[in-house]
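One structure coming up, written as structure tokens, with questions to follow.
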Amino acid sequence: MQQLPELEVIGSALQDNVRRLFKGSLAIRQIDTGSDNATEQELAALTNAYYDIERFGIHFVPSPRHADMLLVTGPVTRNMAEALKRAYDATPHPKLVVAVGDDAIDGGIYKGSYAVLDGVSQVIPVDYQIAGDPPSPLVIMQSLLAILDGAKKAPKQKGQS
Amino acid sequence: MSYLLWIIQIMFVPLVAPLGVGLINSLKARIQKRRGASLLQPYRNLWKLFYKDEVISRDASFIFRFAPFIAMGVTIIVGACLPIFTSTLSTPMSDLLAVVYTLALGTFFMALAGMDSGSAFGGSGSSREMTISAIVEASFISSILTVAFLSGTTNIAVMSAGLSPGSGNFLIPIVLAFAAFCIVLLAETSRYPFDNPDTHLELTMIHESMLLEFSGKRLALMEWAAANRLLIFSILAVNLFFPIGIAHDQAVLSVLLGISSTLLKVAIVYIVLAVLESTIAKYRFFRLPDLLLVAFVLNVVAIGLVL
Amino acid sequence: MMSALASPTMLIAAMALFGIGGVGAVLLRKSDRLANYWSSAFALFGSVTALVFAVSMLASGQTFVAQTTSDSFPLLSFALNIDRLAAFFLVTISIVTFFCSLYGIGYIKQYYGRYNIGYLGFLYNLFIVAMLLVVTSSNGIFFLIVWEIMSLASYFLVAYDRHDPENVKAGFLYLVMTHIGTAFILLAFILLYVHTGSFDFTVIQAAMPTVPAHIKDSVFLLALIGFGVKAGIIPLHIWLPAAHPAAPSHVSAIMSGVMIKTGIYMMIRLFLDVLQPAPLWWGIVVLVIAVASCVLGVLYALTEHDIKRLLAYHSIENIGIILLGVGSALVFSALGMSGLAVLALTAALFHTLNHAIFKSLLFLSAGSVIHATGTRNMEKYGGLIKLMPATGLFFLVGSIAISALPPLNGFFSEWLTFQALFQGIAQTDFYIKWLFIGVTAALALTSGLAVACFVKAFGVTFLARPRSQRAEKAHEASAVMIAGMAGLAVLCVAVGVGSSWIIAQLQTIAQGVLSAGDHATLVTVTSGHILSIAEGFATVSAPLLSLLLIAVPLVVWTITRFGINRSQRVTTGRTWDGGTDLTSRMEITSTGFARSIILIFRGLLKPSLQHSVEYEDAASRLIPRSRSVTLSVQDVYRRYLYRPVFIGFIHLSHWIKNGIQNGNINAYILYILVVLLVMLGLVGVW
Amino acid sequence: MNSPLLVPILITVIYLTSIYMHLAKKNNGVAGLYALQSVALVLLFVSSFLANPTVLLFLVIVVSIIVKVILAPRFFNRLVTRHKVKFTVSSYANTPVTLIVIMFITAFVNSDVFLPITDLSASNSTYVALAIAAMLVSIFLMVNRKSALSQIVGVLSLENSIVAFGIIAGLEQSALLQLGTLFDIFVWMLVATVFVSMVYRHTGSLVVTTMRHLKD
């Protein structure tokens, strides 16, 4: 219960940013490009009763077409590279790409393996990164806050680059 | 006054519908011991989607491009025909069959749009949606028909005027038909136990899997239309079968009473829906016809008792 | 002016034009092009002339009777009686033949050099003339002659594409079934002749009070079977899904659009006009058959993946819907509710007109698709709307109309049928009321399934990506073909918007048929073209409905496009495929689409699902080479009705060959003895 | 019809002979019975002649005696001896069943059903019925017997019964017609001889079931 105030503080700041940048609604499509599922567990924890990220206006969606933000996990296996590229293309602007976890940033413990492409940025332009192996839900939320703070300019232009 | 009423009548469904979705989601979150998103979250979602770009499949045709407008337009038309707060605003559009088939027109284009992009999900979603809506139509028509016979008109806008609320003879057929209509409501609006509106698994989706290809404004319209649909069916459920509080004249006070009673009754429906969705499991697809058969039998008995 | 147009000269002129077209086509058969243009052009002129004649007949409200009797053959007379009902059917036929002939000009080109075009033109014109005469004849013998000409001409047209053995088989089935029907009709007329002494409809009608009830009942059953075969009611329908697809598409359109309606016409003529008053059970029988036809027809349509067979099954369904009206009219008139009878008959007539329009539109557009892709198998279509947008649009219009969705014509006739049934529930007593409740539910189920079926038909054919190489190379239909389809599509919209006016006209016709006066007016058209049934029990306004359904989506579009976020950019990309390449095999197929409905109704359809896997390594069965799933539907009628009859016939003939005709003189003499005894006995009884 | 006792006796004889033809075990016996039947028929003619003597009728009587009483039975006996088919009189139904069927036919003919026919001669309707019964029994002989010879006899017996029926029912039959019939029988016998001989040569038997092989 120690963290609760912190969570609330981060959350309400996050909510403000979501309001400002995404009109109060941030839709996230999570893409697993060959992850070991550790990061997925942490992301899934975001929606549980404790973190309840939904109350801040953030929700997960079933299709990249509906998404504002792609959360990519995993080191991008060769088989998933094309899928990731297509998911990126399928997401309408404005969109943000966030690589979650060390694997996604540069391959992590899989770095250099012949089976992976060492990080999301090798395939699609990554806007932000969230480090950790895996990052805890609170870390993810903090990072999201930082990301949205950083993306003060209209994300649309960023996406259009 | 009449113009004002008409404006309320037309705007009511599209404006209130997202709130209803917010209410259900919020209640469900509460039941899951979460706080959940705010009641206004659906409005924010829609607003954001309107300001997003769109990606449309290169395989899709004009059907895909126009289906959202038709789906939305249909719910606006039907919404304006409902007995929302008064039984005095009648149009020739409010005919029972016209309403049912106009809604079916929306489903028709939505299902076509689902198939249009050639995605495997969209196609199977269309197939399931059409299966359910095909076999639910008989129950839909006949449950409202029960009330139509009681009130002597098939015009749903003025139907409640013909019902005398106090008479007990009508109670049993009305309750039976209402029970049947509730099943129809769940089926037509893709709620539990027919469909899971929150699912992210394509294989279990019915309605949502048709929407997977939509983005931006068109997605907003489709989701809005789905919310409208839910509200339309809820209003039908409460104001046809239990028209308590509905205004039979255009006096300010009775209109206000009508609006507030409708809001209250619809809220009850939404609360029940939320509880239902939190407590029961989705049915296996091929068990659904049994449920619809139950609705159908209830209707037949109800009509039989009316006359 | 009007009376000049309504004169019989016009009808004779129309017949003559068809005749010139037919004979000229034969004379010009050496040149495919000339024969085609000649026969189609004269068919067009003939249709226009017949249309003008019939419309002016309707407008002037007169009845035209012509009769030629010869002394040597007193029974055989060329007898025409064109009252409003006949004129209405003339209108329906000539509208459809007009657009089909127009379409035919382009469609026939694919037969150049392969078949004799002159022969086609001759049969085509003959077929139309025979149909026109069928609905105008008023003498049993003359009727049977033109009926037979119609059947034979259509048989030859069904078997026209004779290089495909399937078509020849279909033609044979059609020939057999239609002649079984004709035999029953013949029996019915003979029975009437025996008891009334005439084949003339008016004489028969006048003599009706003297005919005993059991004879009337027998005539009813015989005529129901006989005309039911032509109309395609279940279970006499089996020729229809085989024959309609086999014919050239513009002929399929005429067969499905209007030829099967001649059966309906004769049912209306006999049951509601000539044989009146009718007992209650006639109507109940017709209603039961109608329910079976419409529900099973649409279910079988759902199982089809041959586009023309699908449409043919929908004809069965729609015949069922029309017969719902006819059956209700019979029930109401037997109960003495003439107003309701008029309402029900009006619904039946309106649906007849509408079905003629949208079904021929659908057959014509299906014809363009087949022309462009070379196959009738819907699983090989896909994505055609981008390659043939006009055809796709017309098929969409037809689909909306046949699914009874507003604001097109199909909705309004189904609406009217529903109203007749609603009134049946409201105003009849206990048992009949329950019947009507069941019938209403059946109609609602039918229309729901029809929507699903046309989502399937349109979606699988025109949407998504092409599923075969032929479909990728499909091309738009030629200009005349598009013109033919466009005309019918416009009619779908126009008849829908103007439905209140048309219904009012049809009500007059129905009143004439049922000899009901103006007091029996249940449908009223109030100001603003609002249709009102039974003093406001149900009201609908076709123009308003059409206007709203077009305007509101447009307003929504305008607001979302220009009102909000005007700077939005729309890009096209690939379909979201989850990373795997989408092949055409991942799209939903026709079979897959209907699978769940088929399984829900498995008790009725008796589907058989077969999985078969072929393995690369037969021993260990680890690596499959191919997997296939076959979902087929048993033909219940062939299996449980026709096959036993057929086997019975074979046994009978075996028995005749080996048992009766056994070469034993004793046996032959025994037959003589038995017959002698029976005959003597009969002499004694009489 | 001047002798009230004679006609009943004669018609009974005709009827009984047609029954006995069913029971006879030898072909010669059948031929003999036919001869007896023909005698009875001739006597019927005679009684008719006494009542109404005409030259033609006399001629009929003479020719009848020649053809029916003498020629036909002899011809039969010759056929039987030539083809050695003395005992080939097997029948489909056994004797009791045969008798039951005959009984049924007789009862049927005597029932109300036949009233309109038997009323042709109201005074002796019983005898008319008996003549009809004889006709039907003769046809049944053809049905029941397997041998082709019995069928020939059956036809002849049938012809006898019809003539008897005509006389008793008082139907005017021209004597010329009678002569024609007799001539017909004569020709028929000749043809039958050739036919039976040919069949016999082919199949070695006169049992009609074996003629099935002749079917195409």
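Letters A, B, C and D mark the chains in the order given here, with residues in each chain numbered from 1 onward.
As a convention for this text, contacts are C-beta pairs under 8 Å (C-beta built on N, C-alpha and C of every residue); 3 or more make two chains touch, one makes a residue touch a chain.
Because the structure is a prediction, the values reported are computed rather than measured.
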{"item": "Between the pairs C-D and B-C, the one where more C-beta pairs touch", "value": "B-C"}
{"item": "Gap in Å, rounded to a whole number, between the CA centres of chain D and chain A", "value": "115"}
{"item": "Chain C-chain D separation of Cα centroids, rounded to whole Å", "value": "65"}
{"item": "Between chain C and chain B, distance of the C-alpha-averaged centres to the nearest whole Å", "value": "35"}
{"item": "Separation of chain A from chain C, taking each centre as the mean of its C-alpha atoms, in whole Å", "value": "59"}
{"item": "Residues of chain B touching at least two other chains", "value": "51-55, 212-213, 216"}
{"item": "Numbers and ranges of chain C residues touching at least 2 other chains", "value": "569, 571, 573-574, 576-577"}
{"item": "Numbers and ranges of chain A residues touching at least 2 other chains", "value": "63, 65, 89-90, 92-93"}
{"item": "Touching pairs - complete list by chain label", "value": "A-B, A-C, B-C, C-D"}
{"item": "Residue ranges of chain A touching chain C (in the complex, touch as defined)", "value": "63-65, 80, 82-84, 86-87, 89-90, 92-93"}
{"item": "Touching residues on chain B, where the partner in the complex is chain C", "value": "50-63, 66, 69-70, 72-74, 76-77, 91-93, 95-98, 101-102, 104-105, 107-108, 111-112, 115-120, 122-124, 126-128, 130-131, 133-138, 140-142, 145, 148-149, 152-155, 212-213, 216-217, 220-221, 285-286, 289, 296, 299-300, 303-304, 307"}
{"item": "Footprint of chain C on chain D - complex, ascending", "value": "92, 105, 108, 112-117, 132, 136, 139-140, 142-146, 148, 151, 154, 208-209, 211-212, 214-215"}
{"item": "Chain C to chain D touching residues, read off their complex", "value": "662-667, 669-670, 672-673, 676-677, 680-681, 683-685"}
{"item": "Of chain B, residues touching chain A in the complex", "value": "29, 32-38, 40-41, 44-45, 47-49, 51-55, 199-202, 205, 208, 211-216, 219"}
